[in-house]
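Below: a set of structures, written as structure tokens.
One chain, subunit A, links the two complexes that follow: it is found with subunit B in the first and with subunit C in the second.
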Partner chain A sequence: MKYFRLVWKNVFRKKTRAFLTMGSIVLVMVLIVVLVSLLNALGGEAALGSLGASRAVVQHATGLANFLPLSYRQKIEQIPGVLAAAPEIWFGGTYIDQRPEHFFGQLSTDPEAWPIINADVEIDPAQLKAWQSERDSFIAGQQLIDRYGWKLGDRIHIQGSYILIDLDLVLRGIYKGRDESNIFFHNKYLENSWAGRSSQTGIYFLRVKSPDDVTRVTEAINQMFENSDAPVKAMPEKEFNLQFLEMMGNVKLLVRSIALVVLFTVVLIVANTMAMSARERVTEIALIRALGFRRGQVLGLVLSEAVVLSLLGGVAGVLFAYPFTAFLVEGMKHSPVAPFAYNFRVAPLTVLAAMAISVGIGTLSGFVPAIRSSRISIVNGLRQVV
Partner chain B sequence: MNQAQIQIDRVSKVYHRDSIEIPVLRDITLTVNPGEYLALMGPSGSGKTTLLNLMAGIDKPTSGRILVGDQEVSSMGEGQLARWRADHVGFIFQLYNLIPVLTAFENVELPLLLTRLSRKERREHVETALSIVGLADRMEHYPRQLSGGQEQRVAIARAIVADPAILVADEPTGDLDAKSADEILELLKRLSGEFQKTIVMVTHDPKAAAVARRMVHLDKGVLSAAEPREMADVRGQRS
Partner chain C sequence: MAIPLKYNLRSLLVRKVSTGMTILGVALVVTVFLLVMSLAEGVRKTFTTAVSPLNLLVMRVGAQSDVQSFVEKEKYESIRTLPGIARDEQGQPLASPEVVALINLPRKDGKKTNVIVRGVEPVAFKLRPPIPIVEGRMYRDGTNEAIVSRRTHERFASTNVGDIVQSGSQKWQVVGIFDAAGSPYDSEIWADLHNVQGQTHRNTGYSIVRVKVSDAAARDLFVAGVKGNQQIKMDAKTEQAFYEEQMGTAKPIQFLAYFVGILMAIGASFGAMNTMYAQVSARIREIATLRALGFPRRSILLSFMLEAFALGLLGGALGAILATITVSFILTAPTGTQNFNTFAEILFNFQLSWSLIFSGMIFAVAIGLFGGFFPAARAARLKIINALREV
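Here is the complex of A and B:
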């Protein structure tokens, strides 16, 4: 600690340079924290709610564009461990207009099975009952309620896009908790209105007794319909969500590549700053060596400067990352990737990782200047004055 | 070791530039007695600073031995030498070599960071050293806020703060006006007389050399004691 003041004062010897270098670290750390948080969001559990690990999805083996027979439901529900299976259809209609800010999930489901499968969301029992008992009603997530100012009893009109019927629904319930950017309405509404598809569904959304059952149940479902006209792909809910992102390519690889490139760049920037700083202080470094500082101590001092500079940038970067992430989350909530927004947050582990990365940047960038400084010849360093 | 005898025994120093050998010191033998104030004089390039560096343990001879007290400085390893310098040598430079981002207090405190002294003890030592050089009221000033003479006094405080037996000074008045130079020379004289420091000072200035108790002359790396008349002359100039 007694050397800290020396290190601190040397870090801010040239304030403009120190702050510009720190600024570059701050920018990079904001980016790293946001990217790591995004990676966590993409592969995380929070968006799935507390029961996410106990849920699975069954879709057509060839993709979501193909439908599944409704007759599968009974067979799926008979598999030991399955608590409920709800057929669901992604309606994909237009509310107000086609601008992205008016995008939200519109899903038909079985209102009786829905609360069993989604037991980790909050909904007033009276509202749930009202929704279950009224065929043209719907429930909406709190976030949508906040966005549109809907009140119970309000009617909304959604124009069909690829399902060519319009929805005319009345709001009977509001749910809170997991992914609040969807509305749910009765399958029966579609069955009665959508000629030709009354015996089909898009997916089955199901809940099993415990997370340990998921693998067994999904394998059993896959096997069960292997040789049927409509083979299925059953998977955990997390995997189902991820496939939407995989449609955009290997997002994780891209994110990791960007992170590595920016990290490497900032190491070079900080290394350059440290090299300049050390070069300007050859005489001073020779002086402290003459006073009795050993090579290792000089190395430690210069390296500490790089680490302190980098760590300060890291701390500031993390602090800036919080509001920036919140801003991004708000944006995501109104986009097709809304389900991931609920998991998109700066986790304590990410903060720790960011601090470790900061120390790593400092160590890597300060290493060469520190080695060079420690090897300065005292006589040569003092030559101008001794 | 409050006082130490410096013994330079047949010391030579040769620098190598590419394939060229440049002999700087040739077979120097010299003894500096404990508490002695020695002036090293000679023209530029005569090897004064090299000899001073060897005595201070920041350079090593090509041949010969340097003993300080009972320790052979010339055979010490890097780490051992660094520790020895911290314990036994105080440095005073022509351009003061204060660290600009540190206050006078922090500059003086630097050598004490290498000791096991507590923060309170370090503070006491620094205050004492700055009081000796008459700058107790300038502790929080940065070098840029001090005059040249004051900067050199801070440098002297830094040199004495760890109470070393030996002070090496290279042209300590070379960058000062006459009045400040006199103050610094007076201070060095006091450190030699009152505090019994062994002082070896390189100087071009006969007035500065006259303050020393003994003067030796180097020319082309060869040592010669100053002629008594030369000493008398420089003392005459001073008085």
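Here is the complex of A and C:
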């Protein structure tokens, strides 16, 4: 620690160089933080909420395009540990027009079971009551309210796409706290107006007593319907969310490989800088060795210089990443990936990881120059004229 | 009076390691940019291959894709009689009713994803460019035989000739592999229309009707008929317009490419700037000597800019080579991404075009020039006396 001032002075000895190097680290850290947050958003980590671990989803074994009989509900709810199961249908209709920025989740559900399953969501009890008692009403997430400026009592019209009916709904409630990019309406509304499919549902969303019950319950459900006409796949909510990322194919791999190459590149750039500055200081290093500094100390000095430099860049990078993410979220809202935009934020864990990564960058890039500097022989070093 | 280029090239060679690392830095940035762009280009190519402006899709109003659409049988009969439709040799209208179903199949990596099964009649092949069977044979009408596209065959498990693709109670026997030349159909499985209708319980109609019109005038006539006819009242759009909408899938990828590319390019140009500054400060006395010999300031500026240009160019070339090698030897298997409109996977190959490589080179040179400008300006501004004195 007592050499910190020396390290600090050395870092900023050539101001332009220090700031340029930090600049490239900053950019790379912004990139890494944004990419990692993006992966989290796509993976649905942020959408899980505090009860995510005790929720599960049941879908048709061959995929979401197939529907399940409503009669399964009773059987599922009889399994010990299941608190509630709500049949839900992804309506997938068009609000205003087909542009992707107007895309949001429209789900039918059982309004009585919904608050039990989504107990980690905030909603005014009076609004909840109003929604439950009115068949053609809906509740919407705060983000959608902000986006469209809907007020309680407003009516919206949603045109059906694969379900051949239109929705005419009145807003009775606003929920906050978890995945605020959806609206929920009565499944009775669909049952009544959707000929031929009144006894079917898309998925069952359920909550179990504690996270420990999830595995047992999902296995029991899978077995229960194994030999029926509509076999099911029951899984924890997290796995259900991940499945969408899976469908997007190799996005995750793509983002990971990009991040890796980016990191490698920045190590290259910083290492180059460190090597340049170490090379210019050969005489000086020989001098401090002559003054009695040991090889190990020289190695430590050069290495810590690299670490300090990249840590500074890392901190600035994380700070810059926040406004950048906000900017990107704005952009994403106008693209087909709009639904993911709402879960796109920088998590504390990501920040921590970013700090660790910048220490890593410093260590990796300072290593070779540090070893070289420590190997300088005093006599040759003093003799050399740069 | 210009300073010979040889001076710059030799200067670069003197500091081999630092020059090499800078070039490699630029090269990696270009490689990443090119790879991501070639992904987006692959999607674009898939949606523009074998797509005709004279083929129209008749769909339900409001449907975002053929998967969501439904056309009743009676409406199909009315559509067939509309004016504007081209006819085959027998005088039959070129109108192809098609049913599209999604099935969930395991990929070769074990993960399951949705694939489109398209049920067609023989007329479907008359509307499209030839679709050759490269292995096995054509399916027979009235059976549950199916042919699988080459890309689907390469990406999904148990899709060889003789295998059975199964999803729940629906199953088809694979009897052939077809090559749709990288068109959108290269992500699909094709089977007999009536069989697919039966297995998916859609006997009362079709997903879409695909129609060939004879020319642009006939097209307008037909579209007006589809939209205006009280019995039909559906939507008709050209294949071109339809697939352009689907191309939204590639937009996030393209955006990612630019985002990553631009941020990294600035980062790399900072690196190049550092290198060039180091070059300038290491050669202060050389520069002063050149000036004393009578080279004007702008020659010095030009000389250092050329050096930076060379750094960028070499980096760009190396990056292009790296990207080409990766695309042609490592990323050869078809890859897929979710089509947000159909919920099925669309398959494509990485496509590295010359224009992409060219834009990558421009990109690299820009990195070099931007990185070189300030150091070169500093070199040009040096005062001869001070510089010669400096040790």
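The rule is short, and it goes like this: the second predicted complex is superposed on the first by the 340 of 386 C-alpha atoms of A that agree within 3 Å, B and C clash if a C-alpha of one lies under 4 Å from a C-alpha of the other, contacts with A are read in each partner's own complex, and residues count from 1 in each chain.
As a working rule, a contact is a pair of C-beta atoms (placed from the backbone, for glycine too) under 8 Å apart; a residue touches a chain by one contact, two chains touch by 3 or more.
None of the values given here were measured: they were computed from a predicted structure.
Chemist: Clash or fit: how do subunit B and subunit C relate after the overlay on subunit A?
Modeler: Overlaying the two structures gives subunit B and subunit C room side by side.
Chemist: Which partner does A:L382 contact after superposing on A: first (subunit B), second (subunit C), both, neither?
Modeler: In the superposed model, A:L382 contacts subunit B only, not subunit C.
Chemist: One more residue to check, A:P125. First (subunit B), second (subunit C), both or neither?
Modeler: neither
Chemist: Would you check which partner chain A:R289 touches, where first means subunit B only, second means subunit C only, and both and neither mean what they say?
Modeler: Once the two structures are laid over each other on A, A:R289 reaches subunit B alone.
Chemist: Return first, second, both or neither, reflecting whether A:V261 touches subunit B, subunit C, both chains, or no partner chain.
Modeler: So A:V261 only meets subunit C here.
Chemist: Going by the contact rule set out at the top, does A:S24 touch subunit B (first), subunit C (second), both, or neither?
Modeler: Second partner only, subunit C.
Chemist: Is subunit A touched at more residues by subunit B or by subunit C?
Modeler: Partner touching more subunit A residues in the overlay: C.
Chemist: Examine A:P348 and indicate which partner it touches, taking first as subunit B and second as subunit C; both and neither are also allowed.
Modeler: neither
Chemist: Once the two complexes are aligned on their shared chain, state how close subunit B comes to subunit C by Cα atoms, in whole Å.
Modeler: Between subunit B and subunit C, the shortest C-alpha distance works out to 9 Å.
Chemist: Name the residues of subunit A shared by its contacts with subunit B and its contacts with subunit C.
Modeler: On subunit A, the overlap between the subunit B and subunit C contacts is residues 385.
Chemist: Help me check something: in the complex, which residues belonging to subunit A touch subunit C?
Modeler: 16-17, 20-21, 23-25, 27-28, 30-31, 34-35, 60-66, 92, 94, 98, 100, 159-162, 164, 229-231, 244, 246-251, 254-255, 258, 261-262, 264-266, 268-269, 271-273, 275-276, 280, 328, 331-332, 335-337, 385
Chemist: Please give the residue numbers of subunit B that touch subunit A in the complex, ascending.
Modeler: Within the complex, subunit B contacts subunit A at residues 49, 52-53, 56, 58-59, 78-79, 82-83, 85-87, 91, 93-95, 97, 99-102, 106, 110-111, 113-114, 119, 158, 170.
Chemist: Note which residues of subunit A are touching subunit B in the complex, please.
Modeler: Going through subunit A, the ones touching subunit B are 2-3, 5-6, 9-10, 12-13, 283-284, 287-295, 297, 378-379, 382, 384-386.
Chemist: Provide the residue numbers of subunit C that touch subunit A in the complex, in ascending order.
Modeler: Going by the criterion above, the answer is residues 17-18, 21-22, 24-25, 28-29, 31-32, 36, 39, 60, 62-64, 67-68, 70, 101-104, 111-114, 167-170, 248-249, 251-252, 255-256, 259-260, 263-264, 266-268, 270-271, 273-275, 277-278, 282, 335-338, 340, 343, 345, 391.
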